[in-house]
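Next come two complexes, and both contain chain A; in the first it sits with chain B, in the second with chain C.
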Partner chain A sequence: MVDLTPYIILGLAFGGVYSLSGVGTVVLFRATAVLHFASGAVGATGALVAWTLIEQRGTPDIVGYLAAIGVGTAITLGYGLLLGPKFAQRDALEKAIGTLGLLLILLGGMSVLWGNDARTLNLPTARLSIQLGSATVNGTQIAAIALALVVTIATTLFLQLTRLGTAMRGMADSREVTAMLGVPVRRVEATAWLFSGVLASITGILMTGLVGLDIASLTFLIIPVLAAAVMGRLRSLWITFGAGLVIGVMQSSLIAFDSVAEYRNITPFVLAIVMLLWLAWRRPLMTRV
Partner chain B sequence: MPQYKFKASRAVVVLATGALLGTFALSACGSSSSGSDDSAGDTSGASPCGLGNGKKASGDPVVIGALVTKQPGLDQFTDATSMAKAYFDCVNDNGGINGRPIKYVTYEDQTDPAVTQSLGTKLLDAKPLAIAGGLSVLDCPVNGPAYTQAGYEITSAGVTNDCFGFPNMSPVNIGAAGSSTASAQYLADKGVKKIVIVTSNAPGADLINQSVLDFADSKGISSEGMLENIPVADANGLALKLVKAAGEGGGVIVNFNPGDSLKVFNAVTQQGLQDRVTWACPSGCNDANLVKSLGGAWDGKLGINAEYALPTSTGPDAQLFRLLREKYAPDTSLSAYGQLGFVSALITVKAMLSVPVDQLSVQTVNDAIAKTTDYKSDLLCRPYYFGIGLSHHLSNNWTRMVGIDNGKLTPAGDCFALAATPVNDLDEIRQFESAHGIS
Partner chain C sequence: MTLHRVPQPDVTARPSWHGITRRHVVTGVLGAAVLLSPPAWTDDYWLQTLTATAIYAAVALSVSLLLGRVGMVSLCQFALLAVGTWIALRIGYATGMPFLVVLVSAGVLTGLLGILLGLPALRLNGLYLALITLMAAAGVTVVLAATQFPNGGSGVLGFSATAVGSTSRLARPGYASSDSAYYAVVVVIVALLFLLVGAHVVSKPGRAWAAIRQSESTAVAAGVSVVLYKLWAFALAAFITGVAGGLLAASGGGVTTYQFPTENNILLLAAVLMGGVYGMWGSIVAAVFVKVVPAVLQLWGISSDILLIAFGIGVIQTMLLSPRGVSAQIAGDLTRLAGRLKRSNKV
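Up next is the complex of A and B:
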């Protein structure tokens, strides 16, 4: 019998990162109707900035990580401020394609500026570790799970208890009606972009601790993140949170079974399709956009 | 009307955004030079380039061509053509090919046979006098027959096993299968009870694993081969799986490109698995950046196959390699891939220089390449020979292992003979060597 404990713990850590980024994706979509394909690339860019400052230039860790979050947030916010209003009246597909363009620009930029050499960014959290049965759990894994939970709770409360959160929820239902009520929609959208940028940067740093500082892996982190967000129908933070964890755990656990290990990367797609089919069967109207 | 707390003016946001993007630009500036912190060191005894006369070549260029694979996960393959070009550039600054400059034509393919085939056709259309210095995953199986028909004798490094199976291709390296087998020999010498190899899931990967399994079988050691898609998405899970598969007293060979190998070894470090098994890595880990990134945690705990002497060694060709990298290809890693292209370029230029300049043609140049015997270089364990008459080649069949000391590659033992397996047919090649007095 295969002992799945270590794989489940690893999967929960990955799932935490997927959930964290998924929450950012859902909040941004609810406020702006933009499906943000470039969040993984934003995180990768921030992580590379941190690597350069910390490993190459000897900057204190905290400064490097803050710079990473700052750069990632600046890119996201800059995109939101410059192009967000221009895309506001476009349909969802055009908005999403816009962020795909940002992804490609960042991907190319990273390749040119940093190349594809092997490199490591040692997170301070990786130095902490505890033994849970047969599994060694490090601080990065714990941080990923804990942060996902904290951010999901905080975001839920923010959306329900603050005026800005109420405005965001209103914009999710109708941007035009919300604007007519006097809500400064551009500012609300800017806040959503800011929030998305911060979360994308943090997930980029955390993911670096989990998979390494690899441009492609970090950029395409968006695939399981989108799957989690889609499973949450781009509305529910808690379903997105749960879906991220399920994807992470399933993906990680499958590696223990040789017959299916090779196919574990399709887990996000399979789960998203199953969820959509289930929703279509249960409540057909809910799946119509 | 509710009063929103969000009061930052657009100007403030734009200013903050600009400042942060400035940080981004500043941090990125100069960070792409992969090995820029590794100076060339002492190069006072470097070999000369070509004629070594310090005169710039001019006139009608001599074309040499190659394909090289460039795609995520195999990025460092281009080090081979970069260092071959560096040598050709140096030759051009030192008299060229008896006065004529070399024009190096390279095309970047991916692991798509259709693309590789069209680029191979395009390469032949460029009418090169020689094909050298390349490193492409699919070039041999896809374009090998066309190169044979066009009369080329090729010294470029081989990736898949096909490259070692053409009469007109005599790669300067031992290949992925050979390097993995050498790593398995290292593990066997360490007395492991089981050998597990994980290889990137690419064309020819099955044969690489098979060579290790055959070797382990010949030594009575149990073994297991795995294929893994790259880029590796879950290095922690993979590291755990490898250790479990190898079991107590086992050994693991991680056969990926440097980036993915680093992910796996970092995952091993994070989970404290370094001492659970014995670790080995084929020549993909023979990379200064990778070892530097691993740091001291892996001192003495990882055996790395090095097909050539370390780039930091003191021989004249090693010095020239470092000198050329610093002068002509500063953005190229100090890696084994670069050495492969460099050595292929050295052999090709020497053969070309032996042909009178007014007689340079595809036939004369490639005849000269095929006649290469006893080519000595301090980078090689034994002299290189092309091996006319062999239906398959593996002339570079002695190799060595290196280790890690304080985050740097360090020699670890002498050269040893690569083990013969059904995959590499070395028994037949060694019979040829005996018959021709090659030792």
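Up next is the complex of A and C:
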């Protein structure tokens, strides 16, 4: 029997990143009905900013990472404030296609400004390492798992306990009714975009630490993330969190089995397709808008 | 998807083949002459680019058929193109049947897969259909990276990593072994595909699709079989894509799996939306965006990454301001220009 511990730990770390980004996606979708395809690209842009500052200019790490989060958040918030209202009355598909536009702009912009070489960025957390049975765990992996858990708990509490959270939950049900009740919907939406931007940037940095800085792979990280969000039916934070971890662990454990190792990256897509089919047959009201 | 501010076509109007006039015939002959002329005046670089453009026009047509005619978004047509290419290569290497037979078989088999893919579309709409097709496309990319394209190896997959110098390339028929002859073959076949779609649009399926796009429940009430016509649309779109895949398999210097990244599915949708989904010209414009424009930029020494930015802005602009796309915009501008010229002549 193969010892799966190292693969499971690696998988949990990737899963943590999927969960983190997935939670951001779900919160934004619930508040604004926008499925944000560009969050991977936002994360990649932030990571490139951090790379330029830290590796090229020699600025202190913390400044670089804060700048990355700042840039990522600014892009996301800017899109939300500028185009969010224009897309507000459109259906969910058109809103999503709008963010596909943002994805292409960012992808092109990154290639023009930085070129398509693969880069590495050593996160300070990578220096930390713990021996756990047969596996070595580094700080970035721990950070990914811990952050996903903390963010999921904090977001759940935020949505349940604060006025803003209640407003967001209201908007998930009906934007019009919530607006009529006197909730400043634009401001609530802006908060959701802000939250999504921060999470996207952090995800980008963490993913850079785990697999390196490659523009295309960071940008299209969104596809497995969407798979996790879909498994949470684009509603449940905890199922999204769990789905992210399950996807990560399954994907990573399959490396150990030669016959299917080549096909391991198909895991999130198969799971998402199964979930969508289940939704289609059991929850037709949700999927036939 | 119902795009805003689009004048919906009149479902009750029944276009038909009887309306073909002499003008149509003349336009057709002139069009054919223009399309078939490039081998006389271009070099190999442009000939290959134009061949690719014609093939992509067919793929774009399949996307716009689903989106513009039936209102279903498919983010996996580009992945289906890869599947069509794979099937054509597999059949080609295994049997050595005539080129056209291989093309049609690839189209039919891909069409059957299209029906399978269309099944979820009976229950999923809008965003959810987009998501499931995107997931399927991503899955195809992963599988393809593992299986590779057949290159004459043995076994089910027909790929041999050790085969020396064997690229995955479908054998061209004897009458089209040169690039210029092959270009002509591709243009004729793609034109036939456009005619096939045109024939559907002006007859019963086209009217059924228009009814489904307007409102599914009304279509059902009017006695349109939503199941049949949705699956029909998916099958037709996949057939076109499969044939295009076969054409691609025999073009240029062979195909590799790197040519089919998942993101190209997104890019294709963007190009089709910009070109315009409500008419067949849009598909040609989309193919020009994806193939000709980058080739021009390359000649000028400009990175085609700029194009991605333009695509992104174009998609957002299309969604917000001109849902009928560039082709309709140009047509409208030309009409206005003609009107203005007429008026200025009178003065």
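General remarks:
We adopt the following convention: the second predicted complex is superposed on the first by the 274 of 289 C-alpha atoms of A that agree within 3 Å, B and C clash if a C-alpha of one lies under 4 Å from a C-alpha of the other, contacts with A are read in each partner's own complex, and residues count from 1 in each chain.
The rule is short, and it goes like this: contacts are C-beta pairs under 8 Å (C-beta built on N, C-alpha and C of every residue); 3 or more make two chains touch, one makes a residue touch a chain.
Only a predicted model underlies this, so the values are computations on that prediction, with no experimental measurement involved.
On the superposed chain A, the two partners chain B and chain C do not both fit; they clash.
When the two structures are aligned on the shared chain, A:Trp114 is found in touch with chain B, with no touch to chain C. Looking at the shared chain after the overlay, A:Asn265 reaches both chain B and chain C.
After overlaying the two complexes on the shared chain, residue contacts for A:Arg57 are found with chain B alone; chain C is out of touch.
With both structures placed on the common chain, the touch criterion links A:Trp281 to chain C but leaves chain B unconnected. In the superposed pair of complexes, A:Val23 makes contact with neither chain B nor chain C. Of the two partner chains placed around the shared chain by superposition, neither chain B nor chain C is touched by A:Met231. By the document's definition of touching, of the two partners only chain C reaches A:Leu83; chain B does not. Using the contact criterion defined above for the overlaid structures, shared-chain residue A:Ala67 touches chain B, although it does not reach chain C. By the document's definition of touching, of the two partners only chain C reaches A:Ile105; chain B does not.
Taking the listed stretches 38-46, 74-82 or 200-208 of chain C in turn, the superposition on chain A shows a clash with chain B for 38-46 alone.
Of the residues of chain A, those at positions 112, 216, 262, 265 touch chain B in one of the two structures and chain C in the other. Remark: chain B residues 1-6, 10, 13-14, 16-17, 19-21, 23-24, 27-28, 31-32, 34, 72-73, 75-76, 201, 227, 229, 231-238, 240-241, 258-263, 266-267, 270-272, 287, 289-290, 293-295, 331, 333 touch chain A in the complex. Residue ranges on chain C touching chain A, taken from their complex, read 1-4, 73, 120, 123-128, 130-132, 134-136, 138-139, 142-143, 145-146, 261-263, 266-267, 269-270, 273, 303, 305-316, 319-320. Taken in their complex, chain A has these residues touching chain B: 6-7, 10-11, 14, 45, 48-49, 52-53, 56-57, 67, 70-71, 73-75, 77-78, 81, 112-120, 126, 129, 136, 138, 140, 163-164, 167, 182-184, 187-188, 190-191, 210-212, 214-217, 251-252, 255-256, 261-262, 264-265. The touching residues of chain A, when paired with chain C in their complex, are 35, 37, 83, 86-87, 90-94, 96-98, 100-109, 111-112, 216, 219-220, 223, 226-227, 230, 262-263, 265-266, 268-270, 272-273, 276-277, 279-281, 284, 287-289.
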